[in-house]
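What follows is a pair of complexes built around chain A, which joins chain B in one and chain C in the other.
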Partner chain A sequence: MKSMSKLAVFLFFTATSMAVFAQDGGYLEVNTVVQTEEAYTDEAGELRTRLVAAEKVVPGDEVIYTVTFKNVGDEPAENVVITNPISADLTYVAGSAFGASSSVQFSVDGGKNFAAAEDLTVSEDDAARLATPEDYTHVRWLFSNDLAPGAQGVVRFRARLK
Partner chain B sequence: MKFNNKKTLLSMAVPLAAIMMSQSAMAAGTLAGTTVDNQASVAYSVNSTAQTPVSSDTATFVVDNKVDFTLVEDSSDDTATLPSQTGAITTFTLQNDGNSAQDFSLSVANLVGGTVFSDDTQDMSNFSFTGTNVLTIGTDVFVDDLGPDQSVTISVSADAPAVVVNGDAANIELTATVQHAGANAALGGTITNNESNTMGGVEVVWADAGNDGIETAQDGYLFTSAALVITKVAAVVSDPVNGMTNPKAIPGAVVHYTLTVENTGGQNATNVVISDDLKLANGSVANTMTLVPGTVNVNGTALTAGTGYTYDGTATTAGVLTVQSESGVWGGNVDATSTATITFDVTIL
Partner chain C sequence: MLAHPAWSAGTSAGTVIENVAQVNFDISGLNITLDSNVVSLTVAERVDVVVALQSPEILAASGEVDSGLLFTVSNTGNGSEAFSLEIDSVLAGDDFDPTPAVPAIYFDTDSSGDFSVGDVAYQAGVNDPVLAADASINILLVNDIPTTASNGQRGRSELNARSLTGSGSVGTIFNGQGDNGVDAVLGMTGGSGAATGVYLISDVQVQILKSVVVADPFGGAEPVPGAILNYAISIEVTNSGTAANAVVTDVVPTNTTYVSNSLQVNSSALTDAPDLDAGELNTSGVATLVVRLGDLTQSDGRQTVTFQVSID
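This part shows the complex of A and B:
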């Protein structure tokens, strides 16, 4: 029941985005949702977790951002890059960025420059140090493969509320 | 054009982020009610030509109210208190570890037993509270609008009972119950844990010990009073047969008594009066001994009959010897950890 209503919401957003798309004449549509993980016990008595709308979030809690994107045009999309800002109230959870066939990069300067986590440094007291998740302002995914017409993808990351 | 707008937004985001960072560096975390937005964008090319980046809708959540606080007694020691002392103070610290300003209603109660002192035998009375933003309005006593990461020292004032024994204790318990911050200088509404969950609303999440919005702390008042211990030693001085050589306790013998009054308590004893009933010295025999007049001394100084001491017996009948203060001789005081020594002689009848 709940998953059905969620699906309905998703479809609604899709429809809205498509309408906007047609106006812009673009090829891709993109959607972002924020959720939290909730523990529950299934019919078999097993303790499981599921994603629910981020209704109750207090400092220390993790939220999960899921970005879905789809090529609604009739040409392949090349060099697809998904960029997500990380709110100043949030800290990226190390290692949580997920995206098939993509490389993940981060920014510590508000999205001006990006690099892989192991190559990203910040200067502190006139010395460079490796950036930590607390420093990240943006995360992005670079896709090596083209996104064919009608194809879709998903990326996801976790962040903890400060 | 649209792309340029986005770049401007990005460069603006940096100083904004810096400001937000200093705010969220607090231990209590992001303030309740803060809206956290996120908007993904996708850049791509078609036929090797960069297209206008596309933004998603904004994913938003609102930070909820994390209720987290501690209440501790400031000193792990007991609070030394005198009999009849008024306004005996003990202090507690209330710390708001949550992410929202809250009011905290306060109440205090005498404990029966308790964990501070196991020998809780007394109760305090006439409680009152002081502290920064600790308000008493009508019957409401509360800490008003304690912000995130703020703490307040709460002083609890209480009156001690008049009659206590040295070492008696009174345990009290202070209870702080979280409430909504409400209006300034007014106690806010009750917080319940079953408020509805909504994306845009600010819900309450218990994070305090016990997850109940209530914390308690205890303190003990330990009473120091005087504690007098009296000991009595007898020595036969002479008898009519042997004189002072190996005297025996036979009729006509003189016996020297030494009464030692020791104050083992923490406070000076005043108006000390010592009574010794010589009639009881030998059980059922009524007239066993009588006082030798003029032999009553305190700390080596003679007391005056009828002033420093009284004796209601006669030369041939036993009576009660009462020793009390005498101007210029003995003030009737036994200070803490001191002793008074009273000596007197009796004749065995």
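This part shows the complex of A and C:
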């Protein structure tokens, strides 16, 4: 009987917090897509690349994740952080993380701790070594500027399929 | 997200990689975390195959039948694939064309590395090998050597393996033809591979003759304890060609003891120790005499190895 009442309390709080979001119409919208780069020749005969939906991706191919986010609320969002996991089947492509006015950090422990690439270490055989992209489990972007109502941002990174 | 072992051929075809980004922010002193939509990526199948020759240049005699060349066919793609196999023995750049046996392609069923009774014949469309990602299989090409092929001539034979999903230009896409209906894409090998083996005609013949002379302690020839057995092994190469790296080995008979420093080749003494000279007594395991004669041709004439043992 005791455990049942605990469950009831938990459900009550969950329902309440959902209701808060619904009333405010949300704060930020966040959307992610995965794409690949395709080479094509434009009307002027120039060889260019464009992003297309990621289909027919085979080992060794690079994919590009793009996360867009927008402040759909009435108040500025502060300390915005975008975090994206890097699947165990993918390897982050060094130097590929992009995000205007942000600092990029990585995690090698499933997102528990983060540090800039040059400060991130992995302990191996009782010795610490600098982490390599193969070690990364997460990438995140920290924004120093507030995201004003109506404003939006975009971050992007590349990863290679193992 | 599915955890998969890291294949050297890459992430398995059909693996679904899901991704959810997260945004964390503060509004009016409230810290909020939101998830994005789920975006998923299904790994397509990369079709690749590599054929490698395992036999070095095979020595064969003119008129020889059923001479096997060993190859390995490896699925270097990331999905399961079936392959068709073909033999081509009519190739440019050699001195004669080996004649494919009927049938000419065999699985090395008994893993012996050469053509033997237990090996199962390949039949196109019936037992096309199906290989998992990273798996490989040994295949034998079996040819007869024409009687017209003469000493020192070379004849080539090629094994072709082709993915049944398809083959052709790198990047060709076969929609829905991969594992579990994912798309298949031809990798760097274009879904086919080939390797060529070589038969080198060597009509060289090697004859070995072993004889023994008994000397008992009493001046007679009775094989009694203490009697010395004088062994002689003669080796002679005839016909054209070279017997490369000829090595004579002979086990010291049971109930006898090798007489130290009695080993000779062509009447020159050889030390018993494993050193730079051509022979030694190998005492690891059963005591065995080893003499390396090097490359022998008919012009080298008869080679004679002698040694003595005493009856225990």
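Rule of thumb we're sticking to: the second predicted complex is superposed on the first by the 136 of 162 C-alpha atoms of A that agree within 3 Å, B and C clash if a C-alpha of one lies under 4 Å from a C-alpha of the other, contacts with A are read in each partner's own complex, and residues count from 1 in each chain.
In this text, a contact is a pair of C-beta atoms (placed from the backbone, for glycine too) under 8 Å apart; a residue touches a chain by one contact, two chains touch by 3 or more.
Everything quoted here is computed from the prediction, not taken from an experiment.
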item: Clash or fit, chain B versus chain C on superposed chain A; value: clash
item: Which superposed partner A:Pro85 touches (first chain B, second chain C, both, neither); value: both
item: Of chain B and chain C, the chain that contacts the larger number of chain A residues; value: B
item: Chain B versus chain C as contact partner of A:Leu147, first or second or both or neither; value: both
item: Chain B versus chain C as contact partner of A:Pro59, first or second or both or neither; value: both
item: Touching partner for A:Asp135 - first (chain B), second (chain C), both, neither; value: neither
item: Touching partner for A:Val33 - first (chain B), second (chain C), both, neither; value: both
item: Touched partner set for A:Asp109, first chain B, second chain C, both or neither; value: first
item: Colliding stretch - chain C into chain B, listed as 2-10, 218-226, 254-262 or 272-280; value: 2-10
item: On chain A, positions contacted by chain B and by chain C; value: 26-28, 30-34, 54-60, 63, 65, 67, 69, 73, 75-85, 87-90, 147, 161-162
item: Touching residues (chain side chain A, partner chain B) in the complex; value: 13, 16-17, 21, 24, 26-34, 53-60, 63, 65, 67, 69, 73, 75-85, 87-90, 109-112, 137, 147, 161-162
item: Of all residues in chain B, those that touch chain A in their complex; value: 10-11, 13-14, 16-17, 20-21, 24-25, 28-30, 32, 34, 36-48, 50-52, 54-66, 99, 197-199, 203, 205, 207
item: Touching residues on chain C, where the partner in the complex is chain A; value: 1, 3-4, 6-7, 9-11, 15, 17-28, 32, 34-37, 39-46, 78, 173, 183, 185, 187
item: Residue numbers on chain A that touch chain C, as the complex places them; value: 26-28, 30-34, 54-60, 63, 65, 67, 69, 73, 75-85, 87-90, 147, 161-162
